[in-house]
Amino acid sequence: MATVKLWTDEEVAAVPVVKAVFDDIRATRKSDSVNNFWRGLANHPDLLKRTWTSIKQVMIEPGALDPLTKELVYIAVSSANSCSYCVHSHTAAARAKGLSDEQYAEFLAVVGMATETNSLANSLQIPVDREFLLG
Amino acid sequence: MATVKLWTDEEVAAVPVVKAVFDDIRATRKSDSVNNFWRGLANHPDLLKRTWTSIKQVMIEPGALDPLTKELVYIAVSSANSCSYCVHSHTAAARAKGLSDEQYAEFLAVVGMATETNSLANSLQIPVDREFLLG
Amino acid sequence: MATVKLWTDEEVAAVPVVKAVFDDIRATRKSDSVNNFWRGLANHPDLLKRTWTSIKQVMIEPGALDPLTKELVYIAVSSANSCSYCVHSHTAAARAKGLSDEQYAEFLAVVGMATETNSLANSLQIPVDREFLLG
Amino acid sequence: MATVKLWTDEEVAAVPVVKAVFDDIRATRKSDSVNNFWRGLANHPDLLKRTWTSIKQVMIEPGALDPLTKELVYIAVSSANSCSYCVHSHTAAARAKGLSDEQYAEFLAVVGMATETNSLANSLQIPVDREFLLG
Amino acid sequence: MATVKLWTDEEVAAVPVVKAVFDDIRATRKSDSVNNFWRGLANHPDLLKRTWTSIKQVMIEPGALDPLTKELVYIAVSSANSCSYCVHSHTAAARAKGLSDEQYAEFLAVVGMATETNSLANSLQIPVDREFLLG
Amino acid sequence: MATVKLWTDEEVAAVPVVKAVFDDIRATRKSDSVNNFWRGLANHPDLLKRTWTSIKQVMIEPGALDPLTKELVYIAVSSANSCSYCVHSHTAAARAKGLSDEQYAEFLAVVGMATETNSLANSLQIPVDREFLLG
């Protein structure tokens, strides 16, 4: 249960600045469905607009990393931050972008090993090797 | 400064079970250098052996994800977990595997946006959409 | 579902040391309602008493920060720590203390930017500027 | 030691898009000093520009929360995320905006109690009270 | 709701490598019940096998720490990482291994104080005392 | 470098309420040395006093858990929260209380496995088994 109201399409339609963002989400994703994250942010139009603009630029516009790699990085961060919503939504997004069972298994193994070695390095307070430092 | 002694090559050479792991690290990585993480784990030979065996299987053996993608997932987790050692060592590893400046910039943008939206979803306690749940 | 029993008012009434804390919670807050957090801590009377004493001193007694600012700091920490219960209860508390929609939107924007720049600074391992260090 | 080069003023001056952001940082803050965070982001001009634009909008433009409250929220998040750089830089910023010793002591007490009760609520898995849920 | 299918006993029986792990879990724990964590990992047989092998070695085989202490350490980490599933399952395991109400209360008090002082030390950026450093 | 002044013994001696806490720390621990954490908290006498009173009650007074187990729980939480100061100081404390190399190795293995399975359970969003829920 959210701490804010999740806006219905009718409520969205009544506020032009929110409607404009929702229209762009639908057009960009070529889908009529808009997920709850945006329906919660609709309570705060400026935050909604800034967040969508950044997400569109970072996650959707073509760049130097392929879309699936970006989704995997996104899920890795979301899992480490215990964001249940984000893990669910971006795992679904990764599957829609072609994530195979083999890739998912390997991804989980990497995330698991990274967190394990993070905890060992933090527990042992290992100093950074000179070779890893710049210049 | 570590909470444990970092083993020198001479100390490693005196303990066969530790030496065997260090030999395998050197042979597998085709490099004479062994970084501090393993020199700290050397205090605990069983943990050293189990950790290296898993890291080798997960990060080095060929699989469904390419090596650079695995390093990016590793750094993403390490940054979210504030593991300074791990961020340094795996950013160096990613560069050795060909990470370009453009890819690194895009990776940082994804990590940044993921953590930002994680915090928004967690602050608003957005409920998971039905469409993201399995059948 | 909690890992411990949540005490009913009848159970509370039967244990004087617990009842005394619940009476003080009700008197201090001028409300008959006592939320689940305290009903869970009731299983451990010493912990209940010490925690309530500290919360009362830190969050309720007048001090150098106004009550709403303290609630915002509380939610910020709770969101970063992924404590769903705490986000819910302290967002409700902030609203009861007058949090406006505009303030909440701005708060969310600050939390989001802070987490994003945290992840960038941690990913890039930026060294602290001399000017930020004390004398 | 950063994972990237920290740009000097000479290097900044040679790249117009980076120079434009640095000029705006200096003009907005009315200070000639530009801290290391921006010198690290300078390696990635798009990320630099987008981050500064957002920070300026969220942290500097007048809004519904006063500047000191925003800094306290920022430090709270940064401490919870173990971002040493961010804790240093925003504690300095809070002091520059008038944070008194009494306010700082109270802020620390709130952050400490919030993290403690976060861990208790997460350990006990306390369910959210109905009264904290919307509508 | 998991991001993957949770395997039923019938599905497990049809895949020998998965069945072998489940048989070992049942034999080792002397219980017919296998909890959801393993039913989710069953989608990825290699990860399932490696994880179970490590858990068995670390948590079940006799060692230098008694089983209850290991469970308490496990819950402490799980609470700090906001892993609801892990807190539930290992609190149940600790109780099955004899955790008393008095021990649980004291454990919670330690976890709470540790997180509180963690946040104070991180907020104040206290430097490590020379006496805590090796050699 | 701390965000606050670390008080010298001379400065402590000049403020009776701070001196009283330092005297009690020295008497309780039977040691003349007072570590930096308390020298930083000395800037905020109320917080200093409340924190020391709680730490003394939770960590030092005899209870249901032995002192070494409490230190291990403390380090586990501190490592998960990336508190470098706390990891250093409580690892030193655990050693002073008799932590053997074998126990430390096993502790590290438990912490590592817990964080790894935390990340797997969080990534897969495994639902809690009915058997782990109370009554």
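Here the chain labels run A, B, C, D, E and F in written order, and each chain numbers its own residues starting at 1.
We take it that a contact is a pair of C-beta atoms (placed from the backbone, for glycine too) under 8 Å apart; a residue touches a chain by one contact, two chains touch by 3 or more.
If you're wondering where the values come from, they're calculated on a predicted model, not measured in any experiment.
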Number of hops, subunit C to subunit F, where each hop joins two touching chains
1
Which whole number of Å gives the spacing of the CA centres of subunit A and subunit C?
27
Chain-centre distance (mean CA atoms) for subunit D and subunit E, in whole Å, is 34
Among the residues of subunit E, which are close enough to touch at least two other chains?
1-4, 47, 50-51, 54, 77, 79-84, 87-88, 91-92, 105, 108-109, 111-120, 122-125, 128, 133
If each protein chain is taken as a node and each touching pair as an edge, is the resulting graph a line, ring, star, complete or other?
complete
Contacting residues of subunit A [partner subunit B, same complex]
1-4, 6, 33, 35-37, 40-41, 47, 51, 54-55, 58-59, 63-65, 69-70, 72-74, 76-86, 88-92, 100, 102-103, 105-107, 109-129, 131-133
Subunit E contacts subunit B in the complex at 1-5, 50, 54, 57, 128, 133-135
How about subunit D: which of its residues touch subunit E in the complex?
75, 79-80, 82, 84, 87-88, 108, 111-120, 122-125
Going by the contact rule set out above, which residues of subunit F touch subunit B in the complex?
82, 87-88, 91-92, 101, 104-105, 108-109, 112, 119
Which part of subunit C faces subunit E closely enough to touch in the complex?
1, 3, 43-44, 46-47, 50-51, 77, 81-83
